[in-house]
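Same chain, two partners: subunit A is paired with subunit B first, then with subunit C.
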Partner chain A sequence: MHKGTSTKTWAFLMVSPFILCFILFWLAPMLLGVWVSLHNWNLSSGNNGFIGLQNYVDILTPGSLYNEAFMLALKNTLVFVVISVPPLVIIALGLALILDHLPAKLKPVFRTIYFVSYSISVTAVSAIFLWLFNENGGFINNLLVSMGILGKPINWLSEQPYAWVSVLIATVWWTIGFNMMLFINALDEVDPSLYEAADLDGANGFKKFIYITLPQIKHVAFFIIIMTVIASFNLYGQSRLITAGGPEQSTTTLTMSIQNTVFSMNQLGVGSSMAILMGIIMLLVTAAQYFMSYRKKEVN
Partner chain B sequence: MKSFKWLVLLIASVLVLSACSGGDSASNKSKDGKIQISFINGFTGGDGAYMKKITDGFNASQDKYEIVESQEKEHYTKYKSGDYDLAVIHGNNLETYRLDGMIQDVGSLYEKAGLKESDFHNAGMDLAKLDGKLYGFPIDIHPLTMFYNKEFVNEAPKTYEDILKLNQELQAKNKDLYALGVPSTGLVEFYMLMIAAQNGVDLKDGNALNFAQPEFADALMTFHDMVWKDKVSPAGLGLDGEFKTFMKEAESGKAVQSAVALTGPWFYGAAKEKYGDNLGIAPIPQIGKQPAAYGNAHMLAVSASVKDEQVKEGIAEFVKYMFTPENLINWADGGQAPVHLKTIEKVTAEKDKYQIAYQNSLQFDSFVAPPQVYQYGEQIRDMNEKVFSKLVTTGNLTKEQLMKELESATKKAQQVAETQPK
Partner chain C sequence: MRRKQKNIIVVTLAVLIAILFLLPLVWMIFTSFKTLSESMSSSAILPKVWTLQNYINIFSPTSDAPILLWVFNTAVITIIGTVLVVAIDILAAYSLARLQVPGKKIIIGTIIFALTVPGIVTLFPAFYMFKSFNLLDTFIPLVLPYTASTMGVFLIYNFLISFPKDLEEAAYLDGASQMQILRHVIFPAIKPVAVTLGVITFMGIYNDYLWPSLVINSNEMKTMTLGIATLIQGSNFVNPAGMMAATVVATIPAIVVFLVANKYFVKSVTNSGIK
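Here is the complex of A and B:
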């Protein structure tokens, strides 16, 4: 390999596909989104002129059509983030720990079993859970009523809090494999000598988990929490296909609301503004998580 | 200099992206020189094959034109963002597409195709005509339809009293058997508009829908009472509960079943497959004060971007081909009820073969069309997704509480109406 300019050229060539894709599929659409959000842009009639921050004002003005839609969807989305992130992280960690203690021959088998659901499309996942949670004669209700656990069937999909429970269970089943794999990789990186030393000191399993495992995987855990928060903010397919945003719009999420504003109401400008606001909120939540984690480290 | 390079790269990327969309309205030609007409519709269910029979038949008969058909689930989105000549628009969306400038007056195409308004049933023609001009060719009307299970009911109920009586008989046999199922979401728009029509309530108020009418609240309470007072329907039926309950089997208390379903004709295939000769079809019963049927319709509309005379000639040829009994009967074969009068005659002549099309054609004379307002679907969204659900799932709901919900839904409908292009 030549040095100097040639190396730089090679470096540029190697990195240019990434830069081009970054510009084409991230930077340009994002800038276009910001640009559109500053215009009265109708999907049917096109760009009707620059209006500055008016779309944002409309969304943030209480009582307006867009404000009600956005705030309701934001509230619903935050509910889902709060109820979904803990199980998606804790159960994934639990599964990873169980797999970590399995005999080497069994590990790949169970790793595949738990991960395979992640490869299924959201449409198929939703169809499965619709069948499972159907109120009238659905599998879960049939099972619980037959066993005498329930006196009468539960309206899993058309009554709260069951609708959220159904979406949550579907989401956990569908996506848990991804977080689990990340945790498994993190656990594999923990130095075995630390456990050996702890064994010599007579530490039990719980203490080893608290004082060795958790500190060793905390950076990966932090990354997983942030990624899970972002993924939960983007809830769309499950709530659209399993509960259709109901009952009474209580599972209508931000992404659904934005999609409706753009494609049903034709308000591309307002929809883009909603998307930008959603991005800012996600950024703030993520930054807060990062800040809290950073501050904790400083205190420690 | 470096920043200039990056700027050039950015602009080039944006240009590449923008090059991916858009197009002109000039006619396209196939390899064998036929003028291509792009046609998009949302017939992704079982009915798609029957429309394809019509378009394939047309293409086989032609040496000058070719219909390039796309059946897409999100066909409205694709139509808005794409470049299509011809589209199927629902009757309740026609006004929106007209006001958005997405479709054009097709009066001249009627002439080119040799069609007259009198070739169609008034119910269809009323939907196609806006401000005295024709904006579509009405293909069918799909009204709320009644299916009944002959195992439980010999004759279709005609009135609400019949439904009450049937329910008593069924409940006496098995506590899990009901007369019908009232869903909390799904086809509820058809239910609400049906009860409005049967009680003479006009929801259109200027360019917006006005739900906050005491007469409408009274009419809607019928569905609440069906579940909670008369108990002709089990409570807590979710999405498409009217059909799911009809298709379930009441076995040892694990599921409830209904003898009748007031539902969409598109469920015919599934119901026929399950019940065979035991499936009965009939016009919907009179639940309100007067007989009236409500439903939606499919219209063939021409994109506003179509300027090319050759393309227009091709569309006229296709329309001429489609609206002949021998070709449009394919659509009736798929379970839809055409509004083309000569096709209705053919359906009536073979009513056993085109059972559902025939039964639905009987509802045309009492058909009440969707109110023609801008963004109809958005104006009624709160009613569909929120109010009806509350109506049938809240046991102790009062008319006063319902009126508050109707006022809130009306306020939103008015706000949606204000987005109408000036």
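Here is the complex of A and C:
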């Protein structure tokens, strides 16, 4: 049989399951999404006619219902990106540095402990932090009040800025291990002879970090920043389940807003346009970060 | 001497942070053994009175949260989904990296393009497709869409193009068939990457929330992750102890898989897309 069937036939047979799945579950939905976004398309009654770019115009025209929902959600999402990316990157680097300085025997133990929460589902994470931060009967309020630190319970979940604090703490606890692993890998790759040379010159730990470690890991750090921005842009589960998008929709993110448009308002067409706009915004932010770092590289 | 002092400081710091990381999990486990009233008022981690009542409640057949069914659903879709994704991706990546696939450049270009498009763009249209074909509330949308993920093909393809061809060529000269080469040369070589992909895929399907929440409605079809979300959003579920018992059931299998696969998972994260 091995001479009977040609390599080309084998190649075709092997690649076709993936191509088929890709067309059915990625390409078709992708094209359908673009198509639907150009129509007045209801979730229940289907296509009500071609309207060109009207959905996009509606979303981008100030004052319209969809514009208000989209802009508020975009603002909320950007707030979360701004408050979450620095801690998710800096604390992750800090954890990686601590692990790097631990005795070799202890490294795997602590690495596993810092990373284990990443394996838990977002709904379980939300359940835990919902009941840690709950106003009535939540553990943190019980603890702080019983210790006399708080006179009365804080409304962690439905008052700002506490709502963001709760979502942020849950997110950091849940996802920071992933960034930490990437930093650990980057630190492992740094050439030890650089540190030895610095030791001979009598450089202290801080100087070694600034002049050797940081420049050596900057590409990985940049990759981590982009990944974290994308992940924060996609905030959904934590704010849906911990704060339910509140208070006053201040933690309603883009994904939640699109979901509301599709399911509560029955507007699949407008929702698809919003999703495509969100995708374009994410791509632009990523590209901007990429080119900024690229130009810096050129200057250096 | 100074080195020892430095070690003590670093280890102490590491232990303190470890306590912070473990505290929510420890709290979850102990709260699941508290009585309802104690779980609402307690400011201590350990229960004063230990009870199994929360677990008895969630596993009772009259419970409106059929947890055993959710665990079963989760097991079915994660196992089938992971096997499918890994098998499909290995075959595709191998043929793209080593064989004469017609339109190879276009396929690889499309895969890279798809990697850059945010998932939100295809999410709701995919939901609408499954709705149009009356496939909502079945296992089909819970399993098949994951096979369109391009990350796995890209991961294995990247590995294979940097993997030397000598061994395959030698096997070819010895008269080995395409399938024999795949089984005896390629599989052993890509095993770590394939296991890595398997673990990532498993965790991805196991923990997915948004997609299953769109395509599943009935209580009987839910996954564990979705079930927990339902319990959170259920208006009458104001019971931290019961909630934590369900969360423990949802979380322990994931942690066990994670700990078993830890070595590969560490590798997978450190290898994915960086170099």
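Rule of thumb we're sticking to: the second predicted complex is superposed on the first by the 272 of 300 C-alpha atoms of A that agree within 3 Å, B and C clash if a C-alpha of one lies under 4 Å from a C-alpha of the other, contacts with A are read in each partner's own complex, and residues count from 1 in each chain.
Definition applied: contacts are C-beta pairs under 8 Å (C-beta built on N, C-alpha and C of every residue); 3 or more make two chains touch, one makes a residue touch a chain.
From a predicted model like this one, the values you see are computed outputs, not experimental measurements.
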Contacts of A:A197 with subunit B and subunit C, given as first, second, both or neither: neither
Subunit B versus subunit C as contact partner of A:I210, first or second or both or neither: neither
Contacts of A:G137 with subunit B and subunit C, given as first, second, both or neither: both
First, second, both or neither for A:V82, with subunit B first and subunit C second: neither
Subunit A residues touched by each partner, larger count belonging to subunit B or subunit C: C
Contacts of A:S146 with subunit B and subunit C, given as first, second, both or neither: both
Which superposed partner A:A288 touches (first subunit B, second subunit C, both, neither): neither
Which of subunit B and subunit C A:V36 touches, first, second, both or neither: second
Partner chain in contact with A:L24 - subunit B first, subunit C second, else both or neither: both
First, second, both or neither for A:S272, with subunit B first and subunit C second: second
Where subunit A meets both subunit C and subunit B, residue numbers: 24, 28-29, 32, 43, 134, 136-137, 142, 145-146
Partner subunit A, residues of subunit B touching it in the complex: 9-10, 13-14, 16-17, 74, 76-77, 80-81, 97, 100-102, 184-185, 234, 236-239, 241, 244-245, 248-249, 253-256, 375, 377-378, 385-386, 389-390, 393, 412, 415-416, 419, 421
Interface residues, subunit C side, partner subunit A - complex: 6-7, 10-11, 13-14, 17-18, 21-22, 24-25, 27-28, 31, 39-43, 88-89, 91-92, 94-96, 99-102, 107, 110-111, 114, 116-126, 128-129, 144-145, 147-148, 150, 153, 175-180, 203, 206-207, 209-210, 214, 224-226, 228-229, 231-233, 238, 240, 243-244, 246-247, 250-251, 254-255, 257-259, 262, 266, 269-270, 273-274
Residue ranges of subunit A touching subunit B (in the complex, touch as defined): 20, 23-24, 27-29, 32, 42-45, 64-65, 68, 134-137, 141-142, 145-146, 153, 155, 157-159, 244-249, 252, 263-267
Residue numbers on subunit A that touch subunit C, as the complex places them: 1-2, 5, 7-8, 10-12, 14-15, 17-19, 21-22, 24-26, 28-30, 32-33, 36, 43, 95, 98-99, 101-103, 106, 110-124, 126-132, 134, 136-139, 142-143, 145-147, 173, 178, 181-182, 184-186, 220, 223, 230, 233-234, 236-237, 241, 254-255, 258-259, 262, 268, 271-272, 275-276, 278-279, 282-283, 286
